[in-house]
Amino acid sequence: TGGDSGGSESGNGGSGDGKHGGSMTFALGGSPTNLSYWQSYDTVTNNLTTQIWDSLLEYSEPDMELQPALAKSWEATDDTTYVYELREGVTFHDGSEMTADDVIASAKLTLRDEAKSPLAWMFGAVDNFEKVDEYTVRVNMAEPDASFKYVPATTAWSVAPKSQIDEKGTDLAQEPVGAGPFKLDQWKSGNYVRITRHDDYWDGELPYLDEATFQIVPNGTSRITGMKNGNYGGTNDIPIDQLSVLDQIDNVELHTVTSFQTSHLVFNCMEGPFSNTDVRRAASYAIDTKAITESTVGKYGSHAYSMLPEGMMGHVKPEDLEYNGFPYDPEKAKSMLDDAGFTGSPRFETTLMTPKDTVRQKPAIAIQQYLSEVGIKVNVKKVSQSTYVDTIWGEEDFSKRPGLQMTLWASDFPSPDAIIRPLFDSEQLPPSNNWFGYQNEKVDQLLQQFKTTLDTEQRAQYAKQVNQIVVDEAPGVWIFHPDTTKAFNTKFEGYAGQIPAFVTYFSTFLRDMYIAD
Amino acid sequence: MVSGQTVGYLLKRLGFGVFIVWAVTFLVFALLQLAPGSPADILLSGGVVTEEMRRTVIEQYNLNEPWYVQYGLWLKDILTGDLGYSFAQQRPVATLIADRWAITAQIVGLSMVLATILSIPTGILAGYKHGSKLDLVLTVGAIVGVSVPVFVSGVLAILVFSFHLNVLPSGGAGTGVVGRLSHIFVPSLLLGAMIGALMFRMMRAGMRDVLEKDYMETCTAMGLPKRKIVIKHAAINALAPVLTVSGLWIGFLIVYSMVVEYVFGMGGLGRLIIHAVEAQDAPVVLAGTIITAVVFVVSNIVVDVLYTKIDPRVVIGGQN
Amino acid sequence: MTLLDVDGLEKHFTVDSGFLSGLLGETRKLKAVDGIDFSVDEGEAFTLVGESGCGKSTAVLSALRHQHPTAGKVRFKGQEIEMYSKRELRSEAQLIYQDQQDTLNPKMSVGEAIAEAIRFHDIVPDSEVDARVDELLDRVGISPGDKYQEPSAFSGGQKQRIAIARALAVEPSLLVADEPVSGLDVSVQAQILNRLMDLQEEFGLGLIYVTHNLGIARKISDTIGVMYLGRIVEYGDVDDIFENPQHPYTQALLSANPIPDPSVDRDRMVLEGSMPDPIDVDETGCPFAPRCPDATAECETADMGLEPFEGDETHLVDCIHR
Amino acid sequence: MTPPLLEVDGLSTHFKTAEGAVKAVDDNSLTLHEGEVLGIVGESGSGKSTLLRSVMGLVEDPGEIVAGSIEYRGRDLTTMSDAELRELRGNDISFIFQEPTAHLNPAYTVGDQITDVLQAHTDLDSDERWERVYDLLGRLGIPSPEERAESYPHEFSGGMAQRVCIAMALACEPELVLADEPTSALDVTIQAQIIDLLTELQSDLGLSMLWVTHDMGVVAETCDTMGVMYAGNIVEYGTVESVFADPKHPYTEALLRTVPSHLDTAPRFDTIEGSPPDLQNLPSGCVFQERCPDAMEVCRNERPPYYEVGDEDGWVSKCFLHEGNPTRSASPSAPEPSAPLADSQTDGGQPTDREGDR
Amino acid sequence: MSQESADFSASRKTGRSRVLAGAARGWRIIRSNHLATAGFLIVLGLVFVAIFAPFLAPYDPSAQDLDSTLAPPSADHPLGTDNTGRDILSRIIFGTRYALAIALVVVTLETLIGVSLGLIAGYYKGRVDETVMRGLDVLVSIPPLLLAMVIVTTFGINIWNAMLAIGIVYIPMMSRTVRSSALSIREETYVQAAEGLGYDSKRVMLKHILPNAVPPIVVLGTTDVAYALIDVATLSFLGLGIQPPKPSWGAMANAAQEYILVTPWPIVFPTIAIAIAVLGFNLLGMGLREVLLYGGDYDEVVE
């Protein structure tokens, strides 16, 4: 398998429509750490886990509507109650049939301590899960949470058989048994993961492919090379600088789409010079975010005016803002800094912490340069992922945190819930996600309303108001929304295109793909 | 020759080898303890962490014990054959290693073979004809060979041979004998060339030394054929110093195979260790160092035993 | 006056014999020097002769505390040798080594080498060191102008003379020369040995000379000890021993020495085999017995020790047949 | 008289160095007859080994035979091809070296090394070769040869190792054995054994030997004829008895005086003052002139030719003290190329121009 | 007092003349071998470039020009630009400083620690030797790059730690070499003679053993620098060494592999620089080996 081309037509197709059969080798940019659903929280692992695990709901492509999956319908009966009607006759990989018990046990597994699920918070507002009958599950909330409706479409609530959960517990991470279109065949850690067709998949026709191999190819150049040479049927995570190369290869189709991710610079709003709002504004003027966007992501991303990309509720444009989104103006920056009393040379010195990937590191270096031009000396400190994680979540004393940090934040839902609530709420200081140290009572208040209101129009209003205040107070510099990308060999068809991606959700893209004649 | 003395010597060497391996683990363990960031946080990285979760993890991994207790517990596990559990990968270390050692072993083995094939005959030739044009060409070639870091030659090989010419697989380790060979041949060749350049230099130096030896004169004076003089009498003796350090090279090869694996995207031990080091995934790093140390110690013992075959003056366990 | 008095000196080396036997506590002893006595008076020249490996060097080195003897008493100038500090002892007793090629540090000019010794032992005030160096070099026949040269600029014979100058620089009362000329040409040997004899006489030094060259031994020494396997087998006045050797080994040694005169026709007494490794020696009996043409059954068990030959206290022999 | 086995004529071997040529062997001639033992004595560095190596063609870079011929049974060794030389070496002409242990390959058993020689020069099959090895080792007084053949060189004492080397040298029954100080590294009692052994073998097998040593005693006891070498020149050549009895060259005379003997009771050592000349800058005249008590004006300017001395045939000395005696056949590269060979032989005097100098 | 100062100035003068003589001797040694000469000239060139980097570099090494990123070589940018539009030539020129810093650190650590340990072990032999050597055996049993990786992650990924780590891992080899030299030199007659003159051990070690152990130290030190350059570059390439935006060659190569398919120049030129520097030290080391260990008065052979 693998062989010369990313796929082969092995011909033992199912229903003779010509779409069935064959295999694909997908080049994965990194090693999945495990194959559990409850820990699937990164762009590498989710590609794989979503093939194995199915959740209650999924999104329609490309319009991002929730649609039935393992649940055939759902309903919010009131502010704090959700009811899910399960599909009957769903078979797990182990041959057992799905019932309400399985669904509840699966959610509870995510909530177990030893699961160490980074997604557990999604159930934060849940009071309990209730089995109404064999095929009905009710969720009772402790308080209203408008974003909860998305949770059943995430990997936080994929479904595994209760018998397996009881027997293996978190060891399911190594030997996953789900209801997804493919089941695990072989896992050579660090090398490849092979999955094969789940013949009893609930959607009769699907999947088309007999088998897929996720080959772990960390080196982007090798992935592109393999795509060019037809070794791989598909890949993702292409290094931004080389996307154009992939784009130009004839037998490869590149799919890019704006993501709900934002590359941004975080100011330390509690300690040091950046606790002064004017200094933050000055620094924002000093940085040419458009140029950085252009040179970093080019056409594979879009310039950011705030944390919320276009198409998401609460999105703002320069004209909505008091400071017009801080257009590049170093002179203005200098005079503002003078006014703020920073006149020396350098005016002051600070540290910018960044992890190593291009998407964060390259802007960091550009920012260092821009700030030095207005007299701020920046020491770029490149750290390993673990140190980075340690600092941004672990360091609660803001006087010990760096003045600046480069961050890439991704939303878990197609709504601002997973952006403005965790990032700007003054309740959410580290070890939670408000690493800006940003505090604004008005914002806190608006966020509370945003959370508890279910009406979409209203929520959009609150979100926009929060966003305007935040952007004008500049707790950070918003730089760009990088596209997410996937590429496939042209002989594979059926990829529905991608909806703007967020981490916890990647469609089980393989399910619908087949080899063209 | 396999006397009580030999057995005794081997026991002594093994005993010392065990000490070395122990000391290595101790050193690495201590270093990792010094590293910033608590293992618990590394374990829990990537999400919102409740205090309770933290506590669970800390207890699960004995992280609240003083480090020497942790070390003791870890050592106990190792002695019972349990290599521990990877923090970052959430899998038993033994599984991780079982999945990956073969690739590394194959790369190391193949590059050693290629290095030997490349270096020994050329080294003999260059040493025998030292000062000649051929010697100069080979010597300069060898210096250039060691001067180009393997990551560079690897990346360039991918660029040229895979991307532009499409004659090489671009990544992965391949399956099946042919598939595996086609994937690891070029990486092993690059690695082998690097080691081979070093071996060549030693072989050449060894030849030169041996050719100065008095017994070479005896060979000439007794009218032995040239081929016999060079191969039987000179090369064997010149091989001895090469052999003594070849144990060192095994370790060298293991780490450099990491680089090769990294560049060519093969999931061997090397990449496992690199990622573990980056993630401060102590159990994996420790297991990795243990493996290299064990391989190192064992290969050095083997080398010593082989050495006595080449140089009978060195009697195992004797006073020389 | 007796300068050096060595009594029952023993030097045993422990030979590592592998791990297992080590565990079993089986260490093997190499008896390099196995109980020897000799003494040197002021102005006297004493020579140790014997074949390679018989323990000559070890004997003098351990007598003068360059190595730690296993047993035995050594008195220097009437005092226990342990009473001297290392520095004192070294300035009293100086060694000249065999290997002229390497006797001087190749990275140090010869003048500096001599000056270093003088300064270290505070022989003369710093300001006079230079003059002293010149004088010493002159005495051994090296032009003082050459003192800035490194040793590689000198021939073997010259280096050996410089080494002698350095040994004399610390003004010792005892000079030990361990085969100091064996690598040199006969003509050069003769020059050096003559000079050594002159200087010894002039300074009234005690001299211990170690050699396997019987021709040199005859001329240079007053008394001589013939060593075999770590023991002195015959000891006494040099002429006495050369003309009237009593021990069979001494006889064989003298007989084996080629005589540079083709007209002398003699029946050589050729010993079988070679001197055994000192590790494998039997504890009892005469160590020379296995090679001795005169050996009898008694020799294998007899108590050995130097005894006066025919009551002559100046000629001692270690053989039960004499 | 039988034709000579080895005839060296006007041999010069120089080492090329950055500072000029080291004239290690400079215009020497000698003759070795079948069954004869010729001793070469001289001090360290006088060129003995180089002379011997030149005969065997073992001189290595930067050394080179710059002049002269070496005829073995009428065939000139200096012009032979490598292959031809290889045929001769170890087969017709053998070599015994000074340091036996260093001259044996530590990696192989001694038996193995001796069979290598047999394999190179004989048609014997493997079994026959080993038979021969056992036979040889036994004859050379090595106890239990079957076992010892399987031993490695380091397991032999110096004396035993030298027996092995001799066995190797004699393996193919050579006619000529070149021995470079074969006993100097050994103890006197062992040396006596080896000397006796070699002398015995020589007469048993009718070997011819060229025996280099620096020990006058060894020469006196073993050789028939001898050459005395000084600074690259054989300064005197004759039968052992005559030379010892009445040395005709001042250097020979001085050398015999200085050798310390245990029979000599004189209180001091006899010396030759000064030291040998630097082989890179040999004086223009006689090489011994600087240390010679009898040096004359002519010695400073001219290199003396071989003068025939004594009554004996072939006794020669390179010294002007014997001026007036007939000179011996000069070699093609003799110091006086202008002097016709016939001239010097017939009128026996020194070349005429030298007379003019006076 | 005056006497003393006169002595002092005299010794200073001889000190200086000795330095000059040493330099002259060194040059003679280097000159006598083609490899060494070539290597020395390369190293000299590196030193020159490192010192005069600000004058030689056409641009500020960290000045970015986001309008011309990944530009191919041109008149403006002779070696092209990287993905933030920084001039590669200028960065390579400044990168020389890192290469030489690595060389300096490695040499310093090797000589200060490696040589002392080796000297002490070789001189005192016995138990001291055992202890030191067993300790070093432990270090040697961890492959250098791996040990460096662990050290770096422990103490933080930055330039100094990377260089220190590489320096540390090269210590055992140096110690072993010095020890084996010291072991054999201490048996040399001249050391025995120095002991025989009653000299104290410090004097014997420093004045009599060390100066004679210099050739292998020089040779090994030089070649080790070559390997250290590769190791630091490799470490940087793996992201554990010198970090961008510092213009170190390895870091540049590391960054450039992300866009090698767009333009190979940003990886090709820095690696050529690495290769040249490594080649320089290697040639120098090999040449010195020929002269110091095979030629002239030296016949000791160390590998």
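In this document, chain identifiers A, B, C, D and E correspond to the written order of the chains, with residue numbering beginning at 1 in each.
Note that in this section a residue touches a chain if its C-beta (ideal position, glycine included) is under 8 Å from a C-beta of that chain, and two chains touch if they have at least 3 such contacts.
For clarity, every value in this text was computed on a predicted model and none was experimentally measured.
Chemist: Which neighbours does chain B have in common with chain C?
Modeler: Under the touch definition, chain B and chain C have D, E as mutual neighbours.
Chemist: If each step moves to a chain the current one touches, what is the fewest number of steps from chain A to chain C?
Modeler: Steps on the shortest route: 2.
Chemist: Based on the averaged CA atom positions, which chain is farthest from chain A?
Modeler: Of all chains, D has its centre farthest from that of chain A.
Chemist: Name the chain whose C-alpha centroid is farthest from the C-alpha centroid of chain E.
Modeler: D
Chemist: Measuring centre to centre with CA averages, how many angstrom lie between chain A and chain D?
Modeler: 92
Chemist: Taking the mean of the C-alpha atoms as each chain's centre, how many Å separate chain D from chain E?
Modeler: So the centre of chain D lies 52 Å away from the centre of chain E.
Chemist: State, to the nearest whole Å, the distance from the C-alpha centre of chain C to the C-alpha centre of chain D.
Modeler: Here the centre of chain D sits 33 Å away from the centre of chain C.
Chemist: Could you give the separation in Å between the centres of chain B and chain D, each centre being the mean of its C-alpha atoms?
Modeler: Result: the chain centres lie 54 Å from each other.
Chemist: Mind pulling the chain E residues that touch 2 or more other chains?
Modeler: 153, 156, 239, 257, 260-261
Chemist: In chain C, which residues are in touch with two or more of the other chains?
Modeler: Nothing qualifies.
Chemist: Where in chain B do residues touch two or more of the other chains?
Modeler: Counting only residues that touch two or more other chains, chain B contributes 36, 155, 159, 163, 262, 278, 280.
Chemist: Could you pull out which chain E residues touch chain A in their complex?
Modeler: By the definition above, chain E touches chain A via 62-64, 66-67, 69-70, 83-85, 153, 156-157, 239, 243-245, 257-262.
Chemist: Once bound in the complex, which stretches of chain C touch chain D?
Modeler: 51-52, 155, 157, 183-191, 193-194, 197, 212-219, 239, 242, 252-264, 268, 270-271, 274-275
Chemist: Which residues of chain A touch chain B in their complex?
Modeler: 1-2, 27, 31, 33-34, 39, 41-42, 113-114, 116-121, 173-174, 187-192, 215-219, 221-226, 228-229, 231, 384-387, 389-390, 393-394, 431-433
Chemist: Can you tell me which positions in chain A touch chain E when the two form their complex?
Modeler: The touching residues are 219-221, 224-225, 239, 241-242, 244-245, 288, 291-292, 294-295, 356, 358, 361-362, 365-366, 368-369, 380, 382-384, 387.
Chemist: Help me check something: in the complex, which residues belonging to chain E touch chain B?
Modeler: Per the stated touch rule, the residues are 35, 134, 137-146, 149-151, 153-156, 226-227, 230, 233-234, 237-240, 253, 257, 260-261, 264, 267-268, 271, 274-275, 278-279, 282-283, 286, 289, 294, 301, 303.
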